[in-house]
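Everything on this sheet refers to the single structure shown next.
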Amino acid sequence: MLEKVEHRLITEDGRRIDGRALDEMRPVRIEAGVLDRSDGSAYIEMGKTKIYAAVYGPKEAHPRHLAQPHKAILNCRYHMAAFSVEGRKAPGMTRREIELSKVIREALESIVILEEFPRSAIDIFIEVIQADAGTRTAGLTAASLALADAGIPILDLCAGIAVGKVEGRIVLDPSEEEDKRGEADMPVAMAPRLGSIVLLQLNGRMTSSEFTEALNLAKKGIGVLYELQRKALGKKFATFTPAGEE
Amino acid sequence: MYRIGEKPYPTKIMRDKLYELILRGERLDGRGPYQYRPLELKTAIIEKADGSAMVNLGGTKIIAGVKTALGQPYPDTPDQANIVVNAELLPLASSFFEPGPPDEKAIELARVVDRCIRESKMLELEKLVYIPGRSVLVIYIDVYVLDYDGNYFDPAVLASVAALATAKTPLYEVKNGEVVLNPDIRPSLPIRKVPVSVTIGLLGDKILVDPTSLEESAIDTSIVIGWSDEDEMAAIQKNLQGLIQLSVMDEIIRVSREKSIELRTKLMEAIGRVGAPL
Amino acid sequence: MLEKVEHRLITEDGRRIDGRALDEMRPVRIEAGVLDRSDGSAYIEMGKTKIYAAVYGPKEAHPRHLAQPHKAILNCRYHMAAFSVEGRKAPGMTRREIELSKVIREALESIVILEEFPRSAIDIFIEVIQADAGTRTAGLTAASLALADAGIPILDLCAGIAVGKVEGRIVLDPSEEEDKRGEADMPVAMAPRLGSIVLLQLNGRMTSSEFTEALNLAKKGIGVLYELQRKALGKKFATFTPAGEE
Amino acid sequence: MYRIGEKPYPTKIMRDKLYELILRGERLDGRGPYQYRPLELKTAIIEKADGSAMVNLGGTKIIAGVKTALGQPYPDTPDQANIVVNAELLPLASSFFEPGPPDEKAIELARVVDRCIRESKMLELEKLVYIPGRSVLVIYIDVYVLDYDGNYFDPAVLASVAALATAKTPLYEVKNGEVVLNPDIRPSLPIRKVPVSVTIGLLGDKILVDPTSLEESAIDTSIVIGWSDEDEMAAIQKNLQGLIQLSVMDEIIRVSREKSIELRTKLMEAIGRVGAPL
Amino acid sequence: MLEKVEHRLITEDGRRIDGRALDEMRPVRIEAGVLDRSDGSAYIEMGKTKIYAAVYGPKEAHPRHLAQPHKAILNCRYHMAAFSVEGRKAPGMTRREIELSKVIREALESIVILEEFPRSAIDIFIEVIQADAGTRTAGLTAASLALADAGIPILDLCAGIAVGKVEGRIVLDPSEEEDKRGEADMPVAMAPRLGSIVLLQLNGRMTSSEFTEALNLAKKGIGVLYELQRKALGKKFATFTPAGEE
Amino acid sequence: MYRIGEKPYPTKIMRDKLYELILRGERLDGRGPYQYRPLELKTAIIEKADGSAMVNLGGTKIIAGVKTALGQPYPDTPDQANIVVNAELLPLASSFFEPGPPDEKAIELARVVDRCIRESKMLELEKLVYIPGRSVLVIYIDVYVLDYDGNYFDPAVLASVAALATAKTPLYEVKNGEVVLNPDIRPSLPIRKVPVSVTIGLLGDKILVDPTSLEESAIDTSIVIGWSDEDEMAAIQKNLQGLIQLSVMDEIIRVSREKSIELRTKLMEAIGRVGAPL
């Protein structure tokens, strides 16, 4: 077994391995209406993370006994392509994918006005074709846009981003290496107009004050994504380029 | 997809009733907003397990058992023992639970318990490696919900942590490059932290600790926070649909921290570690 | 491979390894009404065997096409916790658990008055949290009590116990070691008031006359369990302590 | 849970009819109460299997095949060959059987066949061990019900036992610590006993051997008894819901013993072992 | 690893390993009405390939939402017994069995007059008890006969056979060894009276002209099988013996 | 059994309409009978895969990715690398596709892609063997249908072949009997042929190349033909119920050959191999 000498993740002047500042997110591209068959769809790239989302519905709930008399049910599947990760992910849903499908669905249930469509179902499919950190929040961001693209009434768009703790510092939108080697990863999604959190998870250790700092940083990133979503809805796509790369 | 056993529709009437009460600092079962239900914790109830614990939190009853075996480490952690957490919402426990393989709720429960234990660095996993990259201890934690009256997260973490903290496991040693069992001793697992989780329900901007099944059906949403110790969180999971107002987050963290200290004290007493250094 | 010198299971004066006489069962504890959510429940300990049973129903049969127009259907799941046995049982139902679910269900179908609840279903769940021999009969004993606790009309309570053949001798309620090393294991359950057998299996060799002896011994044990069930129904729990331990 | 393909409701009218007949010692198909349907047994019908047999018992047709392979013994029986029994109730055979993985009935059938073979000590499993704890013969027995008119237990046991008793298996030998195939010889399996099972239906206190599908839908319950030889039972399985009056048990055992001798004689003839020492 | 010296598959005088001419099929036995419980059934042997087929229906489609308002649905399962092949096939449907179930079903859907039975289902079960090349076409041949035996209205019987390319030559009804070591295997099934192909697959390389030759050869074999099917329907079984063996 | 997501009933009216058009050499979307929809092909879009390609054929969008790993060869091909093809009809792509494990259509697609690649001898699999019988390259090809407007076979083959032809894979070498990774080079896979498939729909005796989803719902049947090169077919699959008149087969083969040449030329251009020897 080789001795691993691991390089530092943050330089002395506060830059990250990929050159970003601590509060800087990766380049983003968001596009709406990318898949023709679905009722609404979106595509997102955040760094090398690449995700499609599509919405079908509202349509008749099936099987029937799942139908709710006073509202629509929302189904969500977050799924990764076999080639999306290092190594090869075996086909079939992993426990991780099942959990993420649940938290993303619950986030979206918070913004969709389900009462408009009694006895109906809305299906949301998120397909990660490349995973390079931040897939659940990027997937949720795309899914929210796909819902709007489908014309489904929502209280607000929602967008998400991860924040991390790396070598004691709070960073926005951690890269895969920062996620793996860092102390904490915290995916956050918000409905900005509602001033509310729709998704929140933490893996790793943080104090109360670090949490507050992280949440504020996430809010900043989410604001950027939210604007991109709104632009994409109009002209069908929008991009964000970090200042340093412009 | 993956929504077996959905919770019943939160009735508007019940929500209004609860909200009215909580504005007065009251709850249906007479508790205060920040008050846990009575907690009972018993360990070493399954002789065939290395460690076990039964927790009653109000009307929710959970059993956790720990078994260990020799195994290979995961490729990305060659120098750590493995933890495998499995949770089942037994159909015994509620008419909302169905037989069959773990559904999304059971998987979420297992993964939250896993995170509380793993991310808090509760166990010194690096001490349970016999041959790096080849032979480590595999620690199985199996959690069963036997009776369900709301909030399975906190008692599941309590039962799992208690079972781990009181487990007596086989001792393996390396002799001539082979891993062999030393049948004479059954040591405890090396414990570094004692994580606990605190589940908080939300009604608008009102907090409601340790919700019952009835309350769960009416609250807006809920959040589980795992604490490694008095100062550090190790896991958070917003669960259930619904919004959390950003303005309540500070209070949620503050309350959960306070309750975590209370739970940890009870846990330490129950496992006989009061004041003992870990 | 070490030479295994196996000790005798029965001493010259007719005592077993754990000190019991051949016709003596292990200590028993039976309790009714132990789980609040279910419509009826019970807990049983026989030696180190520990089992919960719960009953839900009668309720609407689901899915509908399984409903019977003239009677209730009865579902039964016998399941073992992963930590209940030596080693770790993999999650999921084994073939053994599926077979035992069937024979236990058929035993209970013999005593429940299913015709009282057309188009309904009654669900019975048996959860073995520790398995130390005799789990199917102990599970059935608990399930029968849970049915009574749920107020479901039954022709009779039923109780079960295993009998074994060990070193040529017929013994009551074999221990795990006796079960493994003995010549035969025969689980028997009866509805005593009806003078009938509701469950009967044999694994291992027995002559006709040994069978008769074994069946009579089982009947004796079942009589004791039956009395404990009836007591538990009244005061919610009952125990049996072998004479030697009193 | 696990009740796919349930038997149709036993009609009261048919039950009464059968009971009336049986009181006169008669049955619908003209048989006496203790009489088996015509039995046909053919072996070696699948050239690619090591052993095989097809059994027709009245309108029930079952095929069993035996295959062997090298494998590891189970940890608790390091010095015995493995037996693996699989049974399938093919949808071909009855409108009550559905495609898919074995349901509870197929699993029960496989396990009863397994018990008859294993508990009777039919095979000298200890002779098929090449390296104790490491390399033994694995004997797969696959049973398929092709046409179903009641009582699959007895013909399944007959077909399995016939396939085993007439199998010619590869010969493995240990050379320099390695297990190698000797391609020159295909020996028979070492047989010690020839178990058979007898299925008995019950109508109150009346016995009815080898019930048809129609009879199965009307009888009170049934019981399968496996006999190792003339004097020893090896397996019993009460199956189907319903009560067996304690007072009938002696008669059940007596009749099943008698019929088992009859079946074994026919089986021995069919496999060409009449009078031959086993 | 031993050097494998593989024998030729076709001798210089154009005979195959098993003595057949290039355009000669193996001995065939076809029988109708072999299983009592089903509504129609058939058995086929082609060389050592042995297959049962049974038909149930028309009957109510189940589950209901699969029912078609204007026609019957047809279900088909092609399944191999564990002992039917070299080695032991694991229980459960392989991907190969699932694909073959589909192509056989689609072939049969081409000849059954489904519109006669709205809202109904017809189930076809094909059970390969020994597989020695040509099982999909033999299975289809038996299934078609079973449909006729069940009295289900069909446009025509259909029959199938494989043709192969072996050492550059086109051969009828390849044996297992020819299939494995040859250059191509092409299963073909036709409804002869309709002059149509109902099943066609190719595994392996063939030029256009070889394809035409192969198709013609298949047609010849199918003609023989078709006659056997018709005879079997009348007198319940029929056999074909290659000239050389008569 | 295995008929999830069945295609909708081919309406008689639509069929008549299409037939009328095709008699005049026309189609609904303005194409001629033998004309493909616009084809776009992009490679190297997934950095984490060894090779990848996205194909748009009209409104059908398919992505294929290639990953490789060390593994054991299949017992019957000890001296060849393994190919493993998996295809999924994502529910994203059409309301006719459902989530869950691959259904019969997805399995058929995977197996047809597999046959086109394997039977055409596209890859020199014997060059990717490190230790015969023990260590070979395993090549995983994963195909996902992202948007579905008919004919998934041809773009799936195009995407898979393009991903393979442009893949850069790890280089393994045998050193002292051990297979080790050479981290310095990522060579291309050894390519021998460039197979393509051509899907043809049939309306009576009329041919209709590359049918859309709407056309698929109305045609009588269809057939997929894979061509290794200009002269040799490697795979055929009649799919969908329905009859093919024997008299049309010659024309089907002729047209498919012609279109295969056209597709291969476009493919070669897209992967930058125009005129290059393979």
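Just so it is clear, A, B, C, D, E and F label the chains in written order, and each chain counts residues from 1 on its own.
We take it that contacts are C-beta pairs under 8 Å (C-beta built on N, C-alpha and C of every residue); 3 or more make two chains touch, one makes a residue touch a chain.
The model shown is predicted, which means the values in this text are computed figures rather than measured ones.
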Hopping along touching chains only, can you work out the least number of steps from chain C to chain D? 1
Identify the chain pair with more contacting C-beta pairs: D-E or E-F. E-F
Looking at Cα centroids only, farthest away from chain E lies chain B
From the centre of chain D, which chain's CA centre is farthest? A
Indicate the whole-number Å distance between the mean C-alpha point of chain B and the mean C-alpha point of chain C. 32
Give, as an integer number of Å, the spacing between the C-alpha centres of chain E and chain C. 51
On a C-alpha centroid basis, what's the spacing between chain B and chain F, in Å? 48
For chain C, residues that touch 2 or more chains besides their own: 77
Please set out, as single numbers or ranges, the residues of chain D touching at least two other chains. 1, 99
As the complex stands, chain C meets chain B at residues 35-38, 41, 48, 50, 52-54, 56, 59, 77, 79, 81-88, 91-92, 123, 125, 127, 129-132
Along chain E, where are the residues that touch chain F in the complex? 1, 66, 68, 70-71, 73, 75-77, 93, 95-96, 98-99, 101-103, 105-107, 109-110, 180, 184, 186, 190-191, 194-208, 211-212, 215, 219
Within their complex, chain B touches chain A through residues 1-3, 6, 9, 76, 78, 104-105, 107-108, 110-111, 115, 119-121, 132-133, 221, 223, 228, 231-247, 249-250, 253-254, 257
Which bits of chain D are touching chain E when the two form their complex? 45-49, 52, 59, 61, 63, 65-67, 69, 86, 88, 90-95, 99, 101-102, 140, 142, 144, 146-149
